[in-house]
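Look for subunit A in each of the two complexes below; its partner is subunit B in the first and subunit C in the second.
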Partner chain A sequence: MSDMSIKGRPHPASVVGTTFAWVAAALVATVCFFIIGFLVYQGSGAINWTFLTTDPQASLMAEQAGGIRVPFVGTAILILGSILVAFPLAIGAAVYLAEYMADDSWFTRTVRLGLEVLASVPSVVFGVFGLSVFTFSIFQGLSAQGAQGADTAFGRSFIVASIVMGIHILPFIIKVAEEAIRSVPKSLRQGALALGMTKWRTIRRVVLPSASPGIVTAVVLGMGLAAGDTAIVWLTLGGSINMAVDNWWNPSQWVEVLRGTGATLTTYVYFNSPAGEGNAPGMAFGAALVLIVLVLAFNLIAVYVGRRSANAGRR
Partner chain B sequence: MILTGGPIPALRDEEHHPFAAAPKPKDRETPMSMTDPNDTASDTLPLRAQAIDLKDAVGRRSSDRIMPILLAAAAVISAGLVAFVVFFVAQKAWPTFVSEGHHFVTHGGWDGQIEGALSGAATIFFGAKPLILGTLYTTAGAVLVSLVLGLGCAIFIAELAPAWIRRPLETVVQLLAGIPSVVFGLVGLAVVVPFINNFILPGNAADVVTDIPLEGASMLAGILVLSFMILPFFVTVATDSLRAIPRSYIDGGLALGMTRWRTITRIQMPSAAPGLVAGLVLAAARGVGEAIALSMVAGAIAYVPNMNSGPLYFLLMPVRTMASAIVEIGGEAMNIPQVGSALFALAFLLLMISVVLSVIARWSFTLFNRRMGVVSGRKV
Partner chain C sequence: MSETFVSADPNETFSMLEGMLNASAPRIRSTDVAPVFQIRGLDASYGSKKVLHDVSFDVPEKRITAFIGPSGCGKSTVLRCFNRMNDEISGFRSEGTIHLADQDIRAKGVNVTALRRTVGMVFQQPNPFPMSIYDNIAMAVREHDGRVPRAKVDGIVEKALRQASLWDEVKDNLKDSALSLSGGQQQRLCIARALAVNPSVIMLDEPCASLDPISTARIEELLLALSTDYTIIIVTHNMAQAKRISDRVAFFLMGRLVELGDALQVFEAPKRNETAEYVRGSFG
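Moving on to the complex of A and B:
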């Protein structure tokens, strides 16, 4: 590298700038490792089998505050639910954007702009939006009855939270999935078409299977987003720490569970943090550690699958 | 429709899909898009025409008729959702904007007003000025910090880092982007807030600033936490933008005797400027919408920081942002119509800021891509 000036001495601006870039990068990496290390340091003490397998109790005593089984299950339900909501729409939109749309029509531009704006909507806005929309009485099937009488719905349940979260993660999944579909080599499509396949058959039998690693990446990224969001869950899942029904593990209660309020790991952390009402920081750190392991695992899987598919495409 | 459009330019057109003999060819602007690059074997037009007609015939299966419509519906619904969200939020916010007028953004006293509304006061009016300023200050501060740090980090990743550091560092940046906001809030509350309280807050703070208790949970804490939350989004976009600058630009600079650093600051950064701006704007949009972490570390008091006691105390004063006000008050309180509408008014302001920022980001990206000679809005 030519850090030297013509005279052969290092250029001062060069040295300062380069050093700054190194320091900035080191600082960012340090902060990231510090956060993870701090969570491990503070949270690993709280984690044991009881913590993972008992339900939370509303108690000011840390010994009686119970564990994180309900929030953990809640996070799982929410992830699955939001993916169920988002996946069909996202794949459909991604296929349409990548395969059917002319690149420069006003229609394409409008749809893309809409998706970009949707991606930029803050999750807290989705939260109040969802809470308010789903209190309309026609949505009574999705959550418990409203407190004020029969003309409203409660507006807070796993179903509502899943729908709202699905909308929140939708544009991100579309974006990654569309890239994946676009990166399928043209020769594959040409081969399929040359064999007489119709366009849709080509997409279904050739393009989508080839793009599947990228689509998996998209879904896993969406799962990470759903697991990590707090604002939507806090507003549309009721901000409690337990399920609405006591024996929620009983399959006969599952419909009621889905229609009822609950907790996820994020709201559990928020609730138990010094900022919340539960005020059990030890529990909060334990749950945060579990949460971050979960979210980072999702992200690492996405990165790994993404890189593998990128390499496969290059070969 | 088949005979128009010369085959030669179409063959060079890499961006078009090879099998774009689409079900709806009339919608296409350029009929040439229906030529397959592998159609070169058919050197006479009638043969080509025959081949495509055959494909069209095969295409008339029910699934090939229905699927494009279903897929288009998915795309339109996905993109149309945002219109519904905007409309719904605006409609809910309307009563507040009508009754408060410009007082909503020019007057303060939010916390007391909400308390009054919750305890059933007869006349309620809302002033969200402290929340708006709180959002503005924290976001601007965080954008500044992440601009400086993130630019250094992006330059390092794109240009300076040895390969063995670059890959892991990129993963680290992605990890940072994946850390949930509540975790940022928790760590900020456990580390940053006590640190500010113990080491930065002067001992005689209570005598200097008398109207509000200063306890570490402050704008400064909010800015620090927020900047590391939005930094990865800026770094990712900035790194890509810097990398997209053609090697020949840099080689030209080096050939003229520029140092490596000078080519970065004088060639790469100016050329990548629209991309950098886009990244910064995206980061700002995330900062504006951040609710949970700021509600935990920034003090959660609707207070307008002032410079009366100097810039340090300005940073050490508590703030409450629009997004965190929504998440803190939202819920049961929204059953009171006025409170609900006031929260929706905040949500509407947030939404408008996000829309404007994302449109600016899109313009910047378009500008950047055009500058880089990329067609049809996609990076190569």
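Moving on to the complex of A and C:
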């Protein structure tokens, strides 16, 4: 062992590998910041008070094309609606998967397979599927507009879009929420059971509160996904830049708003881009910037809540 | 993470510790009292692995019974039969009878929830819920009695914390997270939590395994005080601890109850060779 050397160069393959990993990481960061920087450069000029507080007009003249108020509200409605649809189902499924399932039962395997499939379906497929299902005449109550005397439903409304979007974001919320529930220490469950709490009460009173930061993270990530999707909105909310109802702020109109068509920031961006009809790229970049700030804010909230939970109680 | 009563002056701390240890020097209490648990012919297995063989003994009321023996000897399994925590493990099966106040707790139709209130349990790792000190205890209370007036809950919380000799340390911080307490304080909070739902038996599964000597001394002192009103069963690996606090000792080996007797007898004059070797520290 006397000739054992601890000096020498690292193996060439190691140098190549390390360099490649570094370059890849740097490239990813660069692309990300380039996109955000480009959006800020192109879009910040469009953003002003008028842009944020007026409704879009179908005009080819940029100064008459209005702003993003209604699409912004539409994004908010769709986020809330899809979370309302997804949250109870997602928590129920996550609790089942984390607490009740026997690992090898056919039912569990079926549920897991279903989730994998659901997570990998492109959102435009959900859109087409939703549109074809919700035009069945029994769903006429969910969407207001329609041709006179038609025996099918219109199939496009905030309600329909929320349901379809809710299903789209479901598997992502379930996955994160299940992880959060699983990471609650077994000792807490045992402590609660040993106090004479039933299994359900243990889950309800001890496990879910302990997992709540992770569940909040799951919901916030789901909100970001719902805010960013375009295909489902375009197909099931209607290819519009305005709402079907003009005075949407009036509570007496809210049911009609939900049953009517509308726009979100994503469809507004599409409409105003060179691919759409508005052909006002400046405004598209402005709206895209607002959208990306919104999604980034959701992600920052998710990170913040997650970090706070990691430090919870330790002073 | 220091206990609040530890003084900055090491001499003072030492004399305090010494006083506590002396206070728990061997006491002699008769174990010829009414039994709380009567165990007869208890067999248990996890899947195809048999872990208890024909265990029969009585647990005396309002005394401290220590279960000793090497790891895997079955002492924790016996403990978990007493509040049916083994029910949670799939593949667990048991035979025999365990009577608690003339009722076989293994029988069908036993209210496991009520049983676990009567037979409280404290675990090896302190496991306070990640909520406030107050809520840790209040939740256990409300869970069973439904809508209890706030003032009554306050009273129960204070009483339980006093019984667990934690009140003076936490009375001004009841809203603080229970996780901000030291390990020893957390374990006393878990004892308070168990006491709050009116048990008659408190079982502790190596409650001091993760604690420092000072915290351990406080828990031992606490158990001695509680044993005038409650039946206490403690699983421990620590022979010195069993010697200091127990009235009766059950020595388990490979799933069998090898020796059962008053603490003094088991430690000073064990009848079986295995017991003598184990308490001497030859194995385990």
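Throughout what follows, the second predicted complex is superposed on the first by the 288 of 315 C-alpha atoms of A that agree within 3 Å, B and C clash if a C-alpha of one lies under 4 Å from a C-alpha of the other, contacts with A are read in each partner's own complex, and residues count from 1 in each chain.
Convention: contacts are C-beta pairs under 8 Å (C-beta built on N, C-alpha and C of every residue); 3 or more make two chains touch, one makes a residue touch a chain.
The shown structure was predicted, so the numbers you read here are calculated from the model rather than taken from an experiment.
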item	value
First, second, both or neither for A:P185, with subunit B first and subunit C second	second
Dominant toucher of subunit A (residue count), subunit B or subunit C	B
Partner chain(s) touched by A:L84 [first = subunit B, second = subunit C, both, neither]	neither
Subunit B versus subunit C as contact partner of A:A194, first or second or both or neither	both
Partner chain(s) touched by A:I35 [first = subunit B, second = subunit C, both, neither]	first
Contacts of A:V255 with subunit B and subunit C, given as first, second, both or neither	neither
Touching partner for A:S210 - first (subunit B), second (subunit C), both, neither	second
Overlap of subunit C and subunit B interfaces on subunit A (superposed complexes)	190, 193-194, 196, 198, 201
Touching residues on subunit B, where the partner in the complex is subunit A	15, 17-19, 22-23, 27-29, 33, 36-38, 55, 58-59, 61, 63-64, 67-68, 70-83, 85, 88-89, 92, 148-153, 155-157, 160-161, 165, 169, 171-187, 189-191, 228, 231, 235, 254, 257, 259-262, 264-265, 282, 285, 288-292, 295-296, 300, 323, 326-327, 330-331, 334-335, 340, 343-344, 347, 350-351, 354-355, 357-359, 361-362, 376-378
Residue ranges of subunit A in contact with subunit C within the complex	185, 187-188, 190-198, 201, 205-206, 209-210, 312-315
Subunit A-touching residues of subunit C, taken from the complex the two chains share	83, 85, 88, 112-117, 120-121, 123, 125, 127-131, 139-140, 143-144, 177-180, 190, 193-194, 197
Complex contact set, residues of subunit A against subunit B	1-6, 11, 13-14, 17-18, 20-25, 27-29, 31-33, 35-36, 38-39, 42, 88-93, 95-97, 99-105, 110-129, 131-133, 147-148, 167, 170-171, 174, 182, 186, 189-190, 193-194, 196, 198-203, 224, 227-231, 234-235, 239, 266, 269-270, 273-275, 281, 284-285, 288, 291-292, 295-296, 298-300, 303
